[in-house]
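Each in structure tokens, the structures are laid out below.
Consider the two complexes below, in which subunit A is the common component and subunit B and subunit C are the respective partners.
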Partner chain A sequence: MAFKAATQKFGSSINAVELGVGDKKITLGGENVFPLYTFDDAIANSPKVGVELTDLGIDDTLPELKEFYAGCDTIADQAKKAATMEGADFLSLRFEGADPNGENKSTEDCVAIAKEVAAAVDLPIVICGCKNVEKDSELFSKIAEAVPDKNILFLACKEENYKNVGASVGLAYKQKVGAESAVDINLAKQLNVVLTQLGVNAGDIVCNVGSATAGYGFEYVVSTLDRIKSAALSQGDGDLQMPIMTPVASETYNVKESLASEEDAPEWGSREARAVEMEIVTATACIASGSNAVILKHPQSVATVSKFVKELM
Partner chain B sequence: MALKGLDIFKLTPKKNCKECGFPTCMAFSMKVAQGAVEITKCPHISDDVVAQLAEATAPPMKTIKIGAGDEEHQLGGETVLYRHEKTFVSKTLYATTVCDCKDDAENDAILERMKKIDYERIGEREYVELVYVNHADGKDGYVDLVKKADATGRTLVLGVKDVDLAKAALDVVKDKKPILNGADASNYEAMSNLATEYGVVLGVTGANLDELHDTVEAIEKLGNKNLILDVGTESVKDAFKNAVEIRRACLKNEDRTFGYPSLVNIGRLAAGDKTMQAALASLFTLKYGSVVVFEEMDYAQALALYGLRQNVFTDPQKPMTVEPGIYPINGATADSLCATTVDFALTYFVVSGELERSGVPINLIIQDAGGMSVLTSWAAGKLSASSISKFIEEEIKDKVTCRKLIIPGKVAVLKGELENKLPDWEIIVAPNEAVQLVKFLKDLTA
Partner chain C sequence: MAKFITIGERISTTAPAINKALTERDPEPILKRAKEQIAAGADYIDVNIGPAESDGEDLMKWAVQLIQGECDNIPLALDTSNMKAIEAGITVYNRSKGKPIVNSADAGDRVEYIDLAAANDAIVIALCSKGVVARDNDERMVFLQEMLERGMEKGMDAGEDMWFDPLFLVIKGMQDKQLDILEFIKSISEQGLKSTGGLSNNSNGMPKNIRPIMDSSLLAMAIMNGFTSAIVNPNDRRLMETIKCCDIIRNETIYADTFLDFLDK
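Then we have the complex of A and B:
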């Protein structure tokens, strides 16, 4: 018997969500097939790669990274430099320093940084918070107000602050809402349901359904992504059809494989190589399971993951 | 399964003699179709029919064994496309390549570097399981290279299409049950006969899936069903398509011709591009590569990929756990420092590994946290000041004399409450990550 291919093209599709404005704007989602399955049907919008920046500056323990950002005095300088990375589709600015339990930077200072960065680059911008839900609500609302015309994604609207963030970012300022939940399909769905009930347009939502590093509970991330894409496409579940963005670098740089110094683990070889491979392996696994965008840190990782995606499109 | 009661009924003698314990052959056949009784319960069924049925009711994807002794590995046998449906059973194996197109010194160096990657992660040995021994057209010295690769003790994949050369190589290593990866539409007959004669798994490839399908069918007609399918090196996009379509055809459409494990040569798909090979290895570990061949896998790639593989090839239902209790590390005694963490196996292994590395005698106290990570169990309410203090009061305090307790940095918020609940204990907050423990303990005990 001759071979018969079993194509899986679905009647439902992932929502197409635009980020940014002008020539450099990007679209996440839109596909009606499983991740990277271009042989089932064309995928119009390939998965995108973002560059992670934080208000605390760059990680100068990694030689290549330090070299790459050499001479950048401000976060805006770093953003300009990051935008030149080969394969960079967008920038993600994380306000780690805003955490009241950490540096507790004022909202005004953070808004000023966000404004400078937005003025410096024309790539789409994602704003990530500091993990403190009250501070994030305030920060997001003020940045959304201060930078009105860039179509920004605010990636940390959680169960605890969705009313505030949804109402300000999504409804009042018409920017994009990033719904963050904890590695569980039901939690992801629940948050999308309450956000849309609040009046946020489903087409303005991007999800972060949780993240982990390869080797550290990552199987739950894979299965959550697999199940969400399956529900969205084969069951046509409209509450799960939002495109998914996964911050990767903010996870992978915390594990031993990326952190251990060369003196501590001489047999492991270059620390930088380990950190880069961990980022790449985790990011490509996220994309293969359904992430429509990943956020990375190292120029080598950004270039490789971007090339990987291009070769598969 | 594929066979219905009626199909089985057609194979019975239709005597209705009741010797099988059922009133009619039809009733018996229905039960066999449900898997409730064995076909052999009917004494009148011929061996031929039994064999035919075993074939038809076997799982769609074959389980293939390669290697010998301690180096025996299992490939294939998967029943699902996604790990949340059921556990993936045969983990992806990785290979490093040596080639007769390279000089001796270069091949030696590759094998030496490969041997260095050998460590334990959560109770599992992580090393490069396979060596791909490639033959390049017109080059000499293949058999010597096979001997050299064999000396590492790893199972080999012989990448050779020339039948005579393949035979010469197999004469050297047949007992180690390598994979002979070299059949295609042009040479399959001779290759298959050779593989059958030597009892080894045959790797088959094709210019496209139609050709591959036809070739596999032809090989099966020769009586050889001990195969692995090489998804080809035309392009990354093509290789991915083939890997997915082969697995899907078999598991979703029960196309048994494609019911074999697959081999992906990422070394050739991304020659000279190390980080791209890591990206592809990650993709094919998730999506259906049974054997993934690198040009040369390095330590940095291994650390990331073995972690990924270990996560993905686990039971989706139950997390691995360790028993609650006191685990003395570095010869700790009753008066040594105490540290606590959760009973999630991954966490335990990561933390205990670092504690060992510190050289500081310490009692690691594991409490029942439902087999979850530190933050997960904390968020779920299973790791709290009450649960820790209760466990210490009931199980620990009489067994140790030291009253210093180190808690994970990620649950630093528990400090105050713990101090209230365990007034005679000093509560010390450790850093967030286990990797920071060595320095932390050194400073603490200095």
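Then we have the complex of A and C:
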């Protein structure tokens, strides 16, 4: 008897969420099979790759990265350049400098940068905050107001500020809301529930369920991603069917493999090559476990991960 | 395993208001009860139109179209002793949210309900009795096997579409038989089969304040033994809380602090 492969497509699917507008808009999610299981059913929207920029400018300790952005004096210039990266599906603009415990940039300055970037590129934009919940609430609300009609994702609100962010970004300005939890499946679900209870459309929510660098407690990230996709698909849990976006670069550039200089760790070889590898292994593992989008920094990582996805689709 | 399935029992001719509404084809009371049950978390709605000997076919069609049309095609259990009425109901039934349930067959006079379900790709509730209640679990098992064979002969996917009902017995009068029922549920589960039943029969005749507690306790014990669904009043809050907590404990749904909030909507 001929072998017939059994397929496992589910009656439930991940919500399809559009980001951006026009020709370059992207759709996250929509699949009714496990991550990359194209042998079970077609995956209409492949995992997407975003490029991370911050308001603090380019990391000039990495020669190739510095070279790539050479001559880009403003964040808007950098955004234009980033948009040319092979495999870049969207841009992520992180306002690290807004942190009251850091540079404490004013909300007005940040809004101005966001407007310039939005005017400079036509790729979909994701706005990330400074991790201070009060400042992020204010920042997200003002940017959502100042940059309408771009269908921006704000990544993300947390348990402490979901009411403000959900009400402004999601309800008042009709942009997309990110829900952030830190590798805690119960909280991930809870946040989605309370956001929808607030009135935010489930189809306007994208989750960041947390990440870590591969090798740094990453198995918890994998099991969280796995369990969420399993609940969303096999248990039909509507509170967990939001697509998942995972910021990767903001994790992987902080570990010693990416930071240690070549003088300190000569046996490890080129620092930049190591940093790129940490980014790639983490991003591909996230995608294989369920991330519908990852955010990376290095052009080489963006090209590699994007190729990885294309090969598997 | 899967999440516990609830079949809402409140649309029944045994309720005078519903009986009147069905007779007069008055949509409002029926839709109100359907929506209340769905809001409380019912997965299926039972539509019991009684014997309906004269106009059963028309009545069932009307009720199926009314409830599914107004309630996003909620799946239904079609419940009447008039087989033709069930068949008629299935002709207008929308399967987008799930197959219809034929309620119900037994191993005696109503064995043909299995044929009806098989011919119409429906689920059947199969009462493990033959006219009278089984004497003991050996007899229940004989009835179950008879029905199982019949279903399989007729081409049913028995593990999915035959839901065996052990028949809950009233505690006030048959207190000593309760563990038998729970034991029987376990043996249904061990055969890889699904089960269901009219849970509240156990607390018949008890004071109103006792019934939800007794029903919830028995249900939790039954679920532990592999019980997969029940015909219940979904607006019994304590019972629904119990079911949802059991789903959490069995890891069939991911816990979130808000998991019971829907009951307050």
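Note that in this section the second predicted complex is superposed on the first by the 309 of 313 C-alpha atoms of A that agree within 3 Å, B and C clash if a C-alpha of one lies under 4 Å from a C-alpha of the other, contacts with A are read in each partner's own complex, and residues count from 1 in each chain.
Throughout what follows, contacts are C-beta pairs under 8 Å (C-beta built on N, C-alpha and C of every residue); 3 or more make two chains touch, one makes a residue touch a chain.
A quick note: this is a predicted structure, and the numbers were derived from the prediction, not measured.
Participant: Between subunit B (first) and subunit C (second), which does A:31 come into contact with in this model arrangement: first, second, both, or neither?
Facilitator: Touch status of A:31: no partner.
Participant: Report for A:235: first if it touches subunit B alone, second if subunit C alone, otherwise both or neither.
Facilitator: A:235 sits against subunit C, while subunit B stays out of touch.
Participant: Name the contact category of A:227: first (subunit B only), second (subunit C only), both, or neither.
Facilitator: both
Participant: Taking the superposition as given, does A:267 touch the first partner, subunit B, the second, subunit C, both, or neither?
Facilitator: In the superposed model, A:267 contacts subunit B only, not subunit C.
Participant: If we overlay the two complexes on their shared chain A, which of subunit B and subunit C does A:55 touch? Say first, second, both or neither.
Facilitator: A:55 sits against neither subunit B nor subunit C.
Participant: Determine, for the superposed model, which of the two partners subunit B and subunit C contacts more residues of subunit A.
Facilitator: B
Participant: Based on the superposed arrangement, let me know which partner A:186 touches: subunit B (first), subunit C (second), both, or neither?
Facilitator: Second partner only, subunit C.
Participant: Quick check on the superposed pair: does A:197 touch subunit B, subunit C, both, or neither? Answer first, second, both or neither.
Facilitator: Second partner only.
Participant: Across the two complexes, find the residues of subunit A that touch subunit B and also touch subunit C.
Facilitator: On subunit A, the residues that contact subunit B in one structure and subunit C in the other are 227.
Participant: Using the touch definition up top, name the residues of subunit B that touch subunit A in the complex.
Facilitator: 82-84, 116, 121, 209-210, 212-214, 217, 235-237, 240-241, 244-245, 248-249, 252-253, 255, 257-258, 275-276, 278-283, 285-287, 298-301, 303-308, 310-312, 314, 316, 346, 350, 354, 373, 376, 379, 432-436, 438
Participant: Can you name the residues of subunit A that touch subunit C in the complex?
Facilitator: For subunit A paired with subunit C, touching residues are 185-187, 189-190, 193-194, 197, 227-228, 231, 235, 237, 239-240.
Participant: Taking the complex as given, what residues does subunit C use to touch subunit A?
Facilitator: 2-3, 252-258, 261
Participant: Show which residues of subunit A lie in contact with subunit B when the two form their complex.
Facilitator: 1-6, 8, 36-39, 182, 213-219, 222-223, 226-227, 230, 254-257, 259-260, 264, 267-270, 273-274, 276-278, 280-282, 284-285, 288-289, 300-301, 304-305, 307-308, 311-313
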